[in-house]
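Next come two complexes, and both contain chain A; in the first it sits with chain B, in the second with chain C.
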Partner chain A sequence: MRNGTLLKIEDLYVNFKTDEGIAKVIDGVSLDIKYGEVLALMGETGCGKSTVAKSILRLLPKNAEVRGKILFKGTNILDLPESELRKIRGKEIGMIFQDPLTALNPVFIVGNQISEMFKIHKLRIKRTILDEVIELLKNVRIPDPQRRYYSYPFELSGGMRQRAMIAMMLAGRPSLLIADEPTSALDVTIQAQILKLIMDLRNDYNMSILLITHDPGVVAEMADRIAIMYAGQIAEIGPVRDIFLNPQHPYTKGLLRALPLGHKEERELENIPGRVPNLIEPPPGCRFHPRCPHAIEKCKKEKPKPVVVSNEHFVFCHLLRGG
Partner chain B sequence: MKKYIIRKIFSFIICILAVTLFSFSLLHLIPGDPVRYILGEFATEEQYQKLKHQLGLDKPIHVQFIDWLANIILRGDFGKSLVKNVPVSELISERIVYTLQLTGTAWLIAFALGIPLGIAAAIYKQTAVDYAVMGLAAFLMSMPYFWLGLVLMLVFGVMLEILPISGIGDWRNVILPSLTLGLPQVAVIARLMRANMLDVLDKDYVMTAKAKGLPNTLVVFKHALRNALIPIVTYMFLQIPWLFGGAVVTETVFAWPGMGRLLIISILQRDYPTVQALVFLIGTLTVIANFAADLVYAFIDPRVRVTGEGA
Partner chain C sequence: MVRSDLVVVEDLKKYFPIRTGLFKAKGSFVHAVDGVSLIIKRGETFGLAGESGCGKSTFARLLLRLIEPTGGKVLFDEVDIFSLSKRELKKIRRRMGIVFQDPKSSLNPRMTIYNILKRPLEIHGLGSSKEEKLNMVLEILEKVGLGEEHLNRYPHELSGGQQQRVSIARAIITKPDFVALDEPTSALDISVQAQILNLLVKLQREFKLTYLFITHNLMVMQYVSDRVGIMYLGKVVEVLNTREELNMGRVYHPYTAFLMLSTPAVDIRERGRNKIIVPGEVPSPINPPSGCRFHPRCPFAKEECRRKEPPVTEIRKGHYVACHFPSVTEEKLTPYVEERMESIRKLWRGES
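Presenting the complex of A and B:
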């Protein structure tokens, strides 16, 4: 496994033009993923975590305006021409989505959809593409792969579809897999199986994973590091243990208190007062300040810079300046 | 699937019966008398009663209907034209070729132009291409057949003098009437195709196709188009009866000797057997087209084909 940074996002801003105005969905996000690492991007629905994921492969709709740098192996993906971008999509970076039923094309058999990867990326094959696809289906532990090759997506169960989706994205042996809420649409019992599969495959295929989720249980089980997002900004980023055991940002603390973590002492679930802000006119400075119990004057004016808590653990909060 | 087809055939028969019964009653309800039409003003009462008896028009209406139906089912005989005194089947078979020529060409024009225009409008959404296609569609859709026909005649026949105005002849005679019949359909299909395509381009599986690194042509023409075409193919079949309806007006405008024109003339002359036979044919065609649409839908959508259920 190589050392160093595989993907580096620098100062990413994403605006969406809407009928109501310009929504400033991502407000200066920076993060990096190392070779072989699992980074979880966690936050509430609408915090922009999926937007970050999609901007990496430039899959955002036409009304999105993206600024900043997304460096993959040192190349800025945002600057690449279409033809170069296509060589990265699916080949270097794979992506799986939340709902595997809608993410697979309903009118083509699974085998056809996976075979495409070998054709367009001109992947090396040992014997025939059919053999390669069946091998992949075996790797994601789909039973009876010879038969499943000819199945339409609607003939498969939810878990099976997500496995097929994963198989498709593994074909190019990508060095980064973006998993956008890969288990949210699945039954709880299936979720664990899929997560285990992804972790096993990470080892077999030597991949880094960017895991988008709102589920801290998933994060705790899989991730090496975690980035907490709120309203388009990173609140806190660091190793999973540090974040869970020693949260610094008021939002992270609130988020963790709002979770049923199964602590020994019985306690009431708490919620964070206030609402997620409107992103067309977001609060200036730290976007969390209207909901923050400790907000000071500075929070309303300046966007916080990262404060080092410990090795690799950073928090974006004015309260901790120098602390 | 077998059960489905049997059920379809059953409803098919009931449909045809209802259509013929309805048109039969309607025709006898409207004023006008074929016997008077044939004999003219100065016939005696005796002549009138004699001919009426000969033609079987003195029997009660329900008996006439049953006689007529029995003749079709048992002998395949549609009867004789009251006015021209030749078998109706002969009258129709002379004309059906012309109508098929006209509607077939119109059908081809409708899809050959409508589908690509709709795709282009969807891909270049909110650009000049889109606005041009949608503007043209709105224009074509709001024009009645007879007016569009007259405009085409004026431009290509009278002003430019490059195409014959009316009647039959060689292939050039087909162009104006089939454009008249086909162009409003181009508009409908272009709009439908655009809407389907835009809907499909927003689907997750299109994003997956992009995420796989497929070139745009494959994303659009394989992954999106195949899905967007499903409703269009169904529509192609549902469209056939409409074309026959439009042919009635178009054939009249262009003096095209097809079934549509025969229908108009027969109604004016109260030629009951001919009108009946034509309504029967067009009704049957409509029901068959609907049936075909269902079958084709099942064939091209694997979700229907494999499970036999609608998706």
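Presenting the complex of A and C:
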């Protein structure tokens, strides 16, 4: 496995022009993904985690305005012409989504949809495309792949559809997989199977993974590092153990203490007061300050810079400065 | 004396016919709920957990007689609800409420919050004057953490959490004894989920409510319930006490154990251990497997499991299991579940 950085996002800003005004959805996000690493981007609805993913693939709608750099193997994706971008999207960077039924075309058999990948990206093959596709279906542990090749998406269960999506993604042998809530629509026993499959494939294919999720349980099982997002800003980033066992940002702490891990007779769940801000007029400074129980004057004015907690563990919070 | 059993369910069944083609009824049925017997005690939260299609939502609808059963009985405070006339049923419905998963689709988008909450009062003839109804609505809004400023709003103007508060207010405004909560927090973010769970616990204590809490999320289940039933393909496979048994990992049906081992639950210290994963997928409830319905996925299944449906046995006081060989689970899986739950408890207590 190679050392170094596969993807580097520098100072990403994304604004959406809407009828009500300009929504400042991503506010200066920087992060990097190393070769072979699983980085989780975790946060609640509307925190911008999917927008970051879509920025990487340049799949944002036309009303989006993107600033910053997204360096993939040293090349800024945001500067690439469409023709160059196509060589990366779907090939070097693969993607799977929450709902494979909407991502798969309902009127074509699964096998043909996977075959398309070989044709579109002009992938080198050793055998016939049919054999390649059946090999992929085997790799994602779809039972009876010869028969499943001819199945329509609606004939497959949710878990099998997600496997088919993964097979399609694998065709290009991507070095980065963006997985946007890959198991959120699945039952827990199936979720466990798919998570295990993704982790096995990451080893077999030497992939890095950017995992987008709202589920701390999935993060705890998969990620090497986590970035916690709140309202378009990164609140805290660090190795998975540090974040779960030694969280520093008031938002991370609140979120973890809001998890129902014990019984109601033992204690109440932590209540983070208030609600997610409107991003057309986001709070100045640290966007979490209106909900933060410890906010000081500075939090309302200045955006916090990262504070080093330990090796690789950074917190964007004024309260930790020098503390 | 008040009896401790509020809802008694006896051999409850609901089969849905499958129609293929235009107007053609074929002879097959979805066995959504297939012979469930259990008791919900006054004042408790009975949790019903299981994966999609196991019949848990159908079960909730049957308890309120929102749908008619294929067979079996539901006694609500000793009254057989399926024998009631329409008028009698309406009377007893005042004492039952229901909250659904998606507040967006269960609240009428054209009605203001005031009108939504006034409806149940009108239906049940509660509140003699307009003013009294308004006061009742205001009172319940305050109980669920909303206020007068929300009265004339429409559902779409509220956040998901606030909408769910309105659904809860609607369910309890008639001062019911019993509320069925069908995945009430599954569509919500973690911090909002916490707010709603806290609210439900508070309301239960204040109004002495009895809850049927349905969820697929075992972490939510182990927080909120007092007793739990685990459903698989229309059958309840295990019933147990939450705090002393479920949360300690003392489970004896292999499906319960697999569910608990599959649930991702931030027990970060346990990472890297070999995970135990249940193979296969849930079979179709149209032609459920013979014998024990879990046998095609059960790694411990023997010939008997294929042939004979396991009887429900009480293996400890109040702990029921429908499995031919619970001792196999006890030996092969229970220790792992216990270990896992211990690790989660440590995180909960803040021990690192």
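Simple rule for what comes next: the second predicted complex is superposed on the first by the 317 of 323 C-alpha atoms of A that agree within 3 Å, B and C clash if a C-alpha of one lies under 4 Å from a C-alpha of the other, contacts with A are read in each partner's own complex, and residues count from 1 in each chain.
Convention: contacts are C-beta pairs under 8 Å (C-beta built on N, C-alpha and C of every residue); 3 or more make two chains touch, one makes a residue touch a chain.
Source: prediction; values computed, not measured.
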Requested in this report: Based on the superposed arrangement, let me know which partner A:M168 touches: chain B (first), chain C (second), both, or neither?
Outcome: first
Report task. For A:N271, select first, second, both or neither according to whether it touches chain B, chain C, the two together, or no partner. Result -> second
Report task. Look at A:E10 in the shared chain and tell me whether it touches chain B only, chain C only, both, or neither; answer first, second, both or neither. Result -> neither
Query raised in the report: What is the contact status of A:M95 with respect to chain B (first) and chain C (second): first, second, both, or neither?
Result: first
Requested in this report: With the two complexes superposed on chain A, say which partner A:D215 touches: chain B (first), chain C (second), both, or neither.
Outcome: second
Query raised in the report: In the superposed arrangement, which partner chain does A:E116 touch: chain B (first), chain C (second), both, or neither?
Result: first
Report summary line: Chosen between chain B and chain C, the partner touching more chain A residues is C
Report task. Scan A:E155 for contacts with chain B and chain C and give back first, second, both or neither. Result -> first
Requested in this report: Using the touch rule from the top, collect the residues of chain B that touch chain A in their complex.
Outcome: 203-205, 207-216, 218, 223, 226-227, 230, 300-303, 306-307, 311
Requested in this report: Report the residues of chain C in contact with chain A in the complex, numbered from low to high.
Outcome: 51-52, 159-161, 189-195, 197-198, 201, 216, 218-220, 222-224, 242-243, 247, 258-259, 261-268, 271, 275, 277-279, 281-282, 344-345, 347-349, 352
Query - chain A residues touching chain B - in the complex, by the definition given at the top - result: 57, 59, 82, 86-91, 94-95, 97, 99, 102-108, 116-117, 120-121, 152, 154-155, 165, 168-169, 172
Requested in this report: Provide the residue numbers of chain A that touch chain C in the complex, in ascending order.
Outcome: 44-45, 157, 159-160, 187-193, 195-196, 214-221, 240-241, 244-246, 254-256, 258-266, 268-272, 275
